[in-house]
C-alpha cells in the first residue's frame, strides 16, 4: 500500500522541450510545474478568479495601463536566492526580450517593468487588457531566478512548494516537497509523481490497475468504464476551449457564406459531442464559451437542419461538393471527423477525411493555410482576436469585425465590454466563419480518496498544494 | 583473421553507411519542423524562428549530414530538440529498457520455441505434435498488440499481479524492473515463438531424416541421445537464420508493445520523435536499430560458421 | 546354433497407397566368419532387410517373423536392449558415405561414440582407441585427422571412417549395405579388401548387400537374390551365378556387361520394369516380366524348390527354364 | 471465406456500414445488429464485411510488391551470379535492416498516414524475403542438369530463367506468398494500431481493433470480432499455405 | 583418312579455389591439364577415369558450356570457343548431350514433348507441326510411345527418363552426342537396355559418341576407342580390346585389375 503522502498523477504528454514554461508552448509543462515548482505574481483559481500569490496585492491605474504590485516578503528560491522585484523585472524582460522563446513573447515585449523598491514593481502596458492579472497568473509569466534561469529546462528553480527530484525521461517527473517553502507544513503531499501515458488504452489500464491515482483530462472514450466503479471519482468541469470545424474562408466554395451555413446546418452538434467526446461537451454557436464574460447563446443562429442545408446548397448553386477535412491526431478530431463526414454525406457533401500528424497540421493547415476544413480545439481562454488577424489560418476578413474588436480592446467598463463581446459573438456566428461545435468538458478520473482536485480548469494546471488523501 | 570474417565485416560497414544516408535523406524530406511543433500554433513567429535558429535547423543539409556522421564516430550525437538533452544520453537511457526487453523476449521465444518444436518433432504425427502445432497456429494468428491488451486486462486489471503500464527503472531494483518487462516480453514472444516453433519442428524433422541420424542410432545411441547429440545442432542452422530475422521484427515490434505498455523504450522514442520532428533523435535511433539488425545478422552468419564447419569452407 | 537366424521375416510399410509388403518371408542363417551376399534390383528390399536386423526400420513399419542373435529374439525386443546390441554386437555400414556422417562433429568424436556408449571409455581412452581404429582402416596420419570434420575427407576416406565406427566395439555381426556403391572402382577394391581382411581376422559374420554382382561374387560364399521383396533364389555364390535357375536371376546375370566377355552387339535385357510394392501381384513378383509366365504364376507365391546342394529357387516353371537352358547353351 | 466476405460486402451489408446512428451506440450483439454496434452506432458486422476488403487489398498489394520485386531480384541474382548476386543480396540484407513498422513510420511521416503507405511499406519489407527465397530456390534449379541441357541448346540466361527457373520456383513462391499475406494482414493491423494504417472512415480489421482497445472494458465485442476475423483469416492462409506445400511437394506429387 | 569430327587440342581448364587466408593468393585446381583427343565421324570414343579426374569438365568444354583456360576444341574443323555466338548457336544443332542423372536432367514442370522439343525450337526454324512430328519420331525411336508425349517426367521410371533424355539429344540429328555417365545411375538390367538403345541409334543415324564413364565394361561395350583420363591428362588410349588386354600405364593396370 502506498504511503498517504504521495500521489501519482498521469498525463498524456510529457513536458517538452523541458520543464521551463517559458521555453516552449506545451501545456504539459505548466501542468507539471505551475504553482508547484514555479510561482507567479497572481494565481488563477478554479472558478477563474485571480488572487494574490507572489504579489500580496496590486493596484491598477484607471486607464488600465499601469499596475503596481506589492511583493510578498521573505520568499526564497529553491537555490536559496531571495525573491524580489529584481527577479520580477528579470523574468518579464527575459520573456519579452530578444531571442525569447516565450509563447507570449509579444505580450511581454509590450510591457515595461520598473523596480520601485525591493518589494514593489510597476508594470506599464502599451496594450490595454482588462484580463492582465489573469495573464500574470499563467505559466508564461513565472518568476525565475536570474542565475539559474538558463538551466530551468532541466533543473527548474522556482519559489514553489515543490522541487524537482527526478525526471526519468519518457516515464515520469517526480516532485518532492521543498522544506524551505514558506508554508511547508501546510502542504499535505510529500511527493508527487507525474507519469506520462499517451495511449488511451494504457491510461485506462493504469487507472484500473491502481498504478495511477489521478488523471486529469482523460480521453472521453475511456470515461464510461469508470462511471459506475466505486473506486473512482469523476469530476466533470467546464473549460475555456472551443472545438470547431474550422473552414478556410477563402477557398471556393467555402468563401460563400451560404455554403458555410449549409455545412453548419448539416451538423448535429449533439451527435458530434456524443461521437467525439462521449457527451462531455456543451454546444456552442460561436467562438465563445458559456461562463465567460459577455457570453450569449448563439446556438440558434445556425441550428441543425439538414433540409435547410440542402436548400442552401441549392441556392448557392453547389452540387456534388467534394471537401477534405484535415484531422490532427487528437481523438476528438479523428472521432468527430468520422461523425461529421457521415452527417455531411447525408446532405450530399462528400467529405474526405485526411489524417495528419501535428507536424503536418502545423505546416500544412496552420502555416500554409492549405486545407478545406479541419477540426481543432482552441484552448486559449480569450482568443476572439484571432478573427481580426488578417493572416490567420482561417482566412477570415471582415472590416466590421475588425472595427468591433478594436472597440472591445479599448473598452474598460465590464458592462460595455460584455455587450460588445456579445455583438462580436453574434457577428462571427452569422458570418458562420466556422461550424462551431462545442465547448469540451474536462473529465478528471481519480481515486475516490483524493481530495482537493479542481473541477473546472480555466487553465491547465495541477494545484498540488491543495491535494491530499482522505 | 579469416577471409570470411573480413568479407562480412566489409559488407557490414557498407550496409551501415548506406543506412545512414537513407535515413538522413528520408528524414530530410519530412514536412514540418521541430521549432513550430515545440512552440505550438499560438506562439509568435519570432519565437518560432528564434528557436529554429537555436536548434540549428537553418543550416544546409550536407553540412548537417557530415556533422552527424562525424558525431557518430566521436559519440557526440547532438542534442534533442524536444528534451533539450544530449541524444546519446537519451538513447542510452532508452536502451536500458529496450535491450533487456528484446533480449528477454528473444530468450522466451527461443526457450519456448525450441522446447515446443523439438517436442513436437519427437512426437511426429502424434497427439503431442498436433497439439503443439495447433497452438502455434493460433499464436501466429494473434495480433501482438491485441494479445498485449488482453494480458493487461487479465494480469494487471483483474488479477493485479503486475503493474499495468510503465517501467520503474533499474534503480528500483532488478526484480521490479524485470517484472514490468515480463508481460511485454511475453506478448512479443508469443507470435515469434509460434513461428520459430514451427521452423524448429520442421528443421528437426528434416534432420531426423538424414542418414547420419540412422548411423548414430546404429551405433547404439538412444533416441534421446541422438536427438541432443546429433540432430539439434544440425537443426539449429535454419533455426538461427530465422532467429536473426525475428530479432529485427522483435525490435520493430517493441514500438507497438512499448506503446501498449507505456514503456519508455527506444521504439516509442522513435515514434514520438518523428511526430515531434525531433529529427536528431529519430536519425540516431533508426540508425541504431538498423545497426542492431545488421549486426545481429552478422552474428548469425558467424554463428553459422561456428555451428557448421562446412559453411566457412564454402563461403570463403 | 548359428549366430544369426532369420526366419519368415516380413516387413509391411505404410505408404500413400496403403500398406505394402516390402519384404516377404525372408529366411536365412549366418555363422561366425561367414559372408553372405544379398543382391537384387533397386527397391527389391535389401536395405529394409538389413535395417530390420538392427531394429532401425522406418517409423510405421511392421515386422513379423523372427530374428535371433545367438538364440535371442530381436523382433519385439525392447528399445533399450536393442540400443545395447547396436553398434556393440551388431554393426552396420551404410551406402552413402557422403551423408552417413554428421557434418558438424569432428570424425573422431563420431567414431568414439560407440566406444563411449558401450565400453564406457573416457574421452582420452576413447581417443586413443579411435586413432588406432582409423589407422587400422587406412587413414593416414590418423592422430592429426581425428579432429577434422567429415567434409575435409574424400568419399573413400569417409567410408573407411564409417567402417571404423562400425568396427569400434568388435561386433559379432557386420551388416554392410552397399558399402562401395558410391565409390569409384579403385577405392571400392580397397574397401572390400579391408572388410574381407577384418572378417577373416575377427571371425565376424558379414551380410554384404549390393546390387553389384561382381562385388558379391568376389566376397560372399553364399548369395541370396531378392526380387520384389522375396528371396527368389539362394545358394552358394558360384552355383547361383554359374547356374542360375530362377528366370530373374538368369536375366540379371546375363544383363551384366563384362570386360571378359567378347564384345556383343546387344546385351540381353529383362523387359518391363520393377513392380510397385504397394500393388504387387498375389503370385510370383516376377510374373509378367518373365517369359516363362503361365497363368498359375499370378495365383500363388511360388514355394522354395531345392535345385542343387543348398541351392534353392522360388519358381514353378523351373522345368521349363531348365529345358530352355539345355536346349540353347549360353 | 474471407474473399467471400469481401465480395459479399460489395453486394450487401446488413446495414449501411458507414452511416452513423447516435441513438444506437455500443449496442451489444443481438437483435438486428448481430455483432453489435460501434461507438458511432454503426453495424459491426457490416463494418467487418467492409473491412475484409481493405485487409485483402493490403495483403494482395503488399505481397504483390514483395513478390514481383523480390522474385525479380532473386531471379536476377541467381541468373547473373558473381557480383550482381553479391550486390543484390547485400541490398536484401540492407532491406532487412528496416522492419516494416519502422519504414512505415518513416514513410508515414513523409507522405501522411494511409493504407497506401502502409501497403507500400509492408510490401517493401517483403522484397528481401522474397528475393532470398527466390534466389535460394533458383540457385538450386540452376544447378540441375536440365538447365545445362537447355544451355546446350544455346539458350540464353533470360530464356532459361523464364522457361525453366521461374516455373520451378513458382510453387515455393506461392507458398511463401500465402504466409506473407497473413503476415501483411497482421502488420497492417499493427500499423493501424499506431494510427498509421487505413484511415477513417474506411474500416479495416486492424483499425477496428485499435479503436476497440480503448473500449475493451465496455464493449468486448468490438475487440473480439475483428480479432477473430484476423485470427481466422491468418489461420486459413497458413493452412492454405501448408496445403499448397503438400500439393506442390515433389515427394508427394512425383515418384521421387 | 577423313578429317576428325571432333578435335581437342591441349585443353586446359583451371578452377580457382576460394582463398584460405586473406593475403595468400588463391589456389588453383587444374582439372584438365593439356588434353588432346580426336574422334572421327561415326566412331565412338570412351573416356574412363576415376572420380575427379576431369571427365565432366571435359564434357562441358566440348559442349561449349564452359570456357577453357587454354587450348582449342575443334568441331568439324572450327574452334567452338572462338566462334561468334550466332554461329555457335547454329553449330549446336550438331552436338548434344546426355547427362548422368535421369532425375535432374529433365525439367519436372514440362511435358515430355516440350522437353524433347526444346533443342528443336531453339536451334531450328521448323514449324510447330513439323517439330511435333520430329519429336514424335525421336520419342518412338528411343522405344517410347507417342502417347507418352504429353506426360510429365515424374510419370516415368529412371530408365524411361533416360530414354527421354536421349530422345532430346538426338532430335536435332546431331553428329556428335556427348554422354556423361549416362547409365551409372541405372540398375544393371536397365543399363543393358540403355546400352542397346545407344548402339541401335548409332547404327540407325550414324551418331558419333563421346561416352564418359568410370565403368570399363560399359565403355568397352559401346566404344571403338578408349582414352584413360588421370588427373586431367590422357595417360593411355587405344581400342578397348587391346587396351584392357594389355594396359601399359600403371593407373590403367590398376583400373583393369579392379574391374575384373
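All chains are identified by letter, namely A, B, C, D and E, in their written order; residue positions are counted from 1 within each chain.
Methods note: contacts are C-beta pairs under 8 Å (C-beta built on N, C-alpha and C of every residue); 3 or more make two chains touch, one makes a residue touch a chain.
Note that the structure is predicted; figures quoted are calculated from it, not measured.
When the partners of subunit A are compared with those of subunit C, the chains appearing in both lists are B. In terms of the distance between Cα centroids, subunit A is separated most widely from C. With centres defined as mean CA coordinates, subunit E is found 47 Å away from subunit D. If you average the CA atoms of subunit B and of subunit E, the two centres end up 53 Å from each other. Separating the CA-averaged centres of subunit C and subunit E is a span of 33 Å.
Centre-to-centre spacing of subunit A and subunit B amounts to 40 Å, using the average Cα coordinate of each chain.
Under the contact definition stated at the top, not a single residue of subunit E touches 2 or more other chains.
Shown for subunit B are the residues that touch two or more other chains, namely 30-31, 149, 153, 157, 259, 274-275, 313. The set of subunit A residues touching two or more other chains comprises 201, 208, 329, 357, 359-360.
The touching residues of subunit E, when paired with subunit D in their complex, are 60, 63, 65, 88-89, 92, 96-97, 99-101, 103-110, 115, 118-119, 122-123, 152, 154-155, 165, 168.
By the touch rule above, subunit A contacts subunit D in their complex via residues 200-201, 204, 208, 219, 221-222, 224-225, 268, 270-271, 274-275, 329, 334-335, 337-339, 341-343, 345, 353-357, 359-360. Put simply, subunit D touches subunit A in their complex at residues 18-20, 22, 25, 39-40, 108-109, 112-114, 195, 199-201, 213-218. Taken in their complex, subunit B has these residues touching subunit D: 11, 14-15, 18-19, 26-27, 29-31, 137-138, 140-146, 149, 153, 157, 191, 245, 248-249, 251-253, 255-256, 259, 270-271, 274-275, 282, 286, 289-291, 293-294, 297. On the side of subunit E, the complex with subunit C involves touching residues 50-51, 157, 159-160, 187-193, 195-196, 199, 214-218, 220-221, 240-241, 244, 254-260.
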